[in-house]
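Chains here go by letter, A, B, C, D and E, matching the order in which they are written, and residues are numbered from 1 within each.
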Amino acid sequence: MTTMMSAATTCTQPLLEAKHLQLSYGQQVAFHDVSLPIASGEIMAIVGPSGCGKSSFLSCLNRMSDLVPHCHVQGEIHFNGTNILSPRTDTLLLRRRIGMIFQKPNPFPLSVWENLALPLREHGLVKSQTSRRAFRQAIHQAIEAVLRDVGLWEEVKNRLHSSALALSGGQQQRLCIARALILQPEVLLLDEPCSALDPLASAVVEELMLRLRPRYTQVVITHNLAQAKRIADRIAVFWVQQHKGQLIEVGSTQQIFNAPTHELTAAYVSGGKG
Amino acid sequence: MTTMMSAATTCTQPLLEAKHLQLSYGQQVAFHDVSLPIASGEIMAIVGPSGCGKSSFLSCLNRMSDLVPHCHVQGEIHFNGTNILSPRTDTLLLRRRIGMIFQKPNPFPLSVWENLALPLREHGLVKSQTSRRAFRQAIHQAIEAVLRDVGLWEEVKNRLHSSALALSGGQQQRLCIARALILQPEVLLLDEPCSALDPLASAVVEELMLRLRPRYTQVVITHNLAQAKRIADRIAVFWVQQHKGQLIEVGSTQQIFNAPTHELTAAYVSGGKG
Amino acid sequence: AKPPQAANSEGIKLQGNIVLTGSSTVAPLAIEMGKRFEEQHPQVRVDVQTGGSSRGLADTRNGSADIGMVSRSLKPEEGDLTAHAIARDGIAIILHSENPVAELSPEQVVDIYQGQLTQWSDVAGGPTSPITVVNKAEGRSTLDVFLKHFDLKNSEIQAQVIIGDNEQGIKTVTGNPNAIGYVSIGAAEHSIGRGEPLKMLPLDGVSPSTTTLQDGTFPLARTLNLVTQGASEPTAQAFLQFAQSPQVQDLIEQQNFVPIESAPLAPSTP
Amino acid sequence: MSISQRPGLTVTALDRLLGFAMAATVIAVGLGFCWILGAIVAQGLGQISLAFLLAEPSNAGREGGIAPMLVSTLLILGVCLAIALPLGLGTALLLAEFTITDQRLGRLVRRSLDFLAGVPSIVFGLFGNAFFSQVLGLGFSILSGGLTLACMVLPLLIRTTEEGLRAVPPSYRQGAAALGLSQTTTLFKIILPAAVPGLIAGLVLGMGRALAETAALIFTSGYVDRFPRSLMDSGRALSIHIFDLSMNIPGGDARAAASALVLLTLLLLLNLLAGALAQRWANSS
Amino acid sequence: MQTFEMSQLSSLRRAHRRDRILRHSLRLLGSITGLLVLLITLFVLQEAWPALQNLGFIRFWTDGSWHPLEGSFGLMPMVLGSGLIALGATAIATPLGLLSALFCQCYGPPLLVVPYRRLLELLAGIPSVVYGFWGLVVLVPQINRLHPPGQSLLAGTLILSLMILPTVALLAIASLAQIPSSYWQGAAALSLSRWTTLTRIILPSARSGLFTAVVLATGRALGETMAVLMVCGNVVQVPSSVFDPVRSLTANIALEMAYATGDHRAVLFVSGLVLLAIVAGLVVMAEGISNQGMSSESVIVHER
């Protein structure tokens, strides 16, 4: 499992870079002209008021926007040097390498165990063992490890085989995080991962994100400015202007909180009570 | 519209009181032996780790638990002196008087306008006017007022007649709050109303809750301890012990934060990073 | 030649509804007769329903129909009903036109239907291919007539295909060069006339056609009947007379049946 | 790096197989349909003219037109839907939304329906004749034909609507309940519109079945090829006309094909109409 | 306590009244449906009664052949015929219908999907005579060339599978349409292959709808008459290969009912009764299977 080491060397070229990105739903432009480089290994937090296009932006980065009808993306996104918006991109591979966690938890209508075992088996992440039992054992270990990572193991270990839909909201969200992590992607996109979590669980997830920092590149949307402050290396601020989302400022966490250049940013970080 | 004045006089008897309440899903007990009086006009915050039964508790208070198959509630809940768990309770009226906002925003698959007009018309809250136009006008006024209350008016005024499902997560949540408010209930149950909101929108909702304080009794689940501190009059702390949820402490906000009696509470409020 | 209006000039104004139910073979003819009858008696409505001879018998008995249509002669146990023959229909053995066999003796027909002759090569001039025997379903009057003529029992017959209506038989044979079947002469003539690959075999040396049927030389025939129970109303009575009168001969011929009175054609003028 | 983790060969092969099977199915079904349709068009198209649509039949249908059959068909369909839609919708609602309380009745009704779906149409015809025509005294009439058809399409309508209803997310019901909305409002304003896809599927299938039905109509709405004057009159449906022309009338094939073509066009129009109406309802409520 | 305005109280009362009416009328409608089934069964039973009384029930299973006019009433070959045709047709139509539905609902380009859907809808509305007619003049001669006589189990199965395909496909489309998009998104984000997404997540979620589709289609296949009558050959025998003609119970009724009287008519109703029994068996079996598969997922329902 752990043989797959990350390539998170601090190279100067960004791992993931949006260039003049614009997304529209039908006629309505959700955001436009967003250029944002994301360096390998960093945690980039995206903040901004509701409806400014944060989720939409995130969904471009692994081409999830393809799934939304009438959704149209313009511009370029470079990942490891290739433009992933090109139609030739293998989206299966792309999404395997760029994992995503959604704003609303969306476990599959399967058991907790199957929710995790499914992607594991699908991607052949557990080496096929000599016996079926050993194979199952290996899967079990992987599942236990990742559930411990997200702090869910104790809560669900007795109900691994009952439906994931019967978990509480926070439990579901942590399960979804575990599901994304189990694939060990290079980049993790997190859309408000802690919004359904209590402080203890939030802390677990934050800790986890920090622990993953050297190995994974993470882009996280959060409404919790304190959280952004705690975990992010850099922060990008989105805003709605003339009914279109826009990236108004991006900078290191320190700079954004202590010396914002944009007045809206200043108002936001000071007014934000998160 | 505003003739319906609340009876929020500060009487000694609690408006809503749970007595030895226990809820189980099939065999599994979600929480047990919860006794919690809620005074008229106060804001009661419920906090606690994920899965401790907060949402389940809330759903008993307006009998939403009826909708979950195999869900069994024992004990008593008194509202204005009558036990609402009695089978003779008129649930339509009860829920009309005790409004609820859910953890996941759940707007109807209708237009924004219809989401709000439907409950309005259903409950005859807008007096039937002489003409159809005047009636529509009255509805429009009520809708505009409540959308302004939740800070959504500016964002949606141009798309009142397009589907509510196309709103962003935060917009949906605010719409759901508006939908509950438009009925002007006596009690509002809020299940993490701000978890999908950015700080600005959160602040709007918090302000709103404070503004509603004298008129409405509010029970709010939150994971954000800072928020609880800011808005709540009293705080109830739930915890999981032996796989069952329990009320471990209830007290004024001050007391809970400054002089918690239970050690778990102490750990929670100090460790909470929200 | 259309019969003139005053054909039925007894002076009584006929009115009311007549309901006919029964055989689907007779129904199209009855409809056309009904239309002409309505023309002469604008107050009368003739409703024709199908559902099979058995339905015609049953409905006439229980009174839900005024007249039944039956595509066979009445059986002895049906003596409570009165039959009014309106037309005759012949039955011909048919082959695919590619089949070189030109004639089959009655014995050969019997052998083929009993499954003793299974190859066309066993018949003079026949190709080397197996015979597909097409038979009618139990109860059908064509089957009754066929069985009676060849003195067969239905349980002795070894068929490969069992059919219902005439057209199904014709389509089965036109689609299968090795098939042998039997259908109503009128239907077969009509199909041959339209150039479908079909031919009728002579029986006892008489080639089947509406002409030989009409002059009584062709042996395999059945009667199409209208049946009633007891005394019928004047309107129904009038219709029965009308249906047996020369005024409808052209209609009978149009539907490929043979009028009953093969004898001198009555002049169609009063 | 993780490029080596490309999904295993078997998976992509299965995916490709799936895509291939899908394409093959679509092509095969499309071809099969075109084959049938081609045969109908080749035989029937030449017969179609305005006169064919507007005239009454003569010479047992070999000449003239099909106007009375068109009228009868639409009337029969109208009666059928007028009965089956409310009955079907009501039963579907009962099954999908009230089964907890009416569990016994629900299970019984659901079983009955699946059973009803398998009853051969000729049995429906005989039943319709015995019950509607004779016991209820409707005789051979458009009314008894429509009623019989309603019994036939009921299971299709109900089961599809029920599935549609079951698939509506529970959060809508929760939301409605929390607002104290009455069940009536919840069902008719929120749940039913959300279940429209299932409803349309049922409607489309039901109409197709109703328009295509022969055996059940021969014994009920009858064989009379005149313009009906009322619902109590007998009237020949297009499908029966087609059946009669192709199976009973020598030389009726071309006319049968032409009538079938008209029937299919009619069905296409009705389907489009149903889809549009249902969509409007879903959007407007 | 709060003082309600009259309009609100009366609207509440109205809501209760409406709900009560709704509940009662729904129950009434449901009962009508149930009653219909009872009526039909009773009707068939009544018509079949004379035969059952005269001949007993055993005769229909033990008699070697079907010659009702000559006193032998073996139904067994036809039961087998009906079963085989329906089974074959369902076995062909189910995968084809499912694939069609997936094409329409999930993967097909919209430009193709819309006409293909219309095509399926039209297939559902082609009268069975037309199918039968086409089968008789086009399909049967083709099969005849392979193996005479052409009218056969195979022809019936093929025609019937084409006929019930739209039922499966359209119902499956409807149930696939209801899968929450979050499942698709979740699967895509985990870059699950189509195969896994479908077989592990989507199809299981749509299970109940798909199951209904297959049950209804099988019912239709069992009950179909005209097309089967025209292409199956209708010989009462136990087929030894797919090229042998067979007779289904429905064809039996349609072929002979028109000319049957007295006892003959009654024994035809017995074959109808047997068919109903088969359908009933199928339904009970289906219920068993579908209940087995149901997990205790949290479903929200209405209260009383």
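In this text, contacts are C-beta pairs under 8 Å (C-beta built on N, C-alpha and C of every residue); 3 or more make two chains touch, one makes a residue touch a chain.
Bear in mind the structure is a predicted one, so any value in this text is a computation, not a measurement.
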item	value
Common touching chains of subunit D and subunit C	E
Touching chain sets, computed without subunit A	one piece
Partner chains shared by subunit A and subunit D (touch criterion as defined above)	B, E
Maximum centroid distance from subunit A, chain identifier (CA atoms)	C
Identity of the chain that, by mean CA position, is farthest from subunit B	C
Subunit A and subunit E, separation of their C-alpha mean positions in angstrom	47
Chain centre separation (subunit B, subunit D; CA means) in Å	46
Centroid spacing, where centroids are CA-atom means, of subunit D and subunit E in whole angstrom	13
Subunit B residues counted as touching two or more neighbouring chains	67, 69, 91-93, 96-97, 104, 122-123
Junction residues of subunit E - those touching two or more other chains	15-16, 19, 133, 137, 180, 191, 193, 196, 254, 257, 296, 298-303
Multi-chain contact sites of subunit D, meaning residues that touch two or more partners	7, 11, 100, 169-171, 173-174, 177, 181-182, 185, 246-247
Contacting residues of subunit A [partner subunit B, same complex]	25, 47-51, 55, 103-104, 155, 158, 166-171, 174, 192, 195-203, 206, 223-227, 230, 268, 271-274
Residues of subunit C defined as touching subunit E within the complex	23-24, 51-55, 57-58, 129-130, 132, 137-141, 153-155, 159-164, 168, 171-172, 174-176, 178-179
List of subunit E residues in touch with subunit B within their complex	1-5, 7-8, 10-12, 15-16, 19, 296, 298-303
Parts of subunit E lying in touch with subunit A, wherever the complex brings them together	180-193, 196, 200-201, 204-205, 295-298
Residue ranges of subunit E in contact with subunit C within the complex	65-70, 72, 133, 136-137, 140-141, 144, 148-151, 229-230, 233-236, 245, 247, 254-261, 264-265
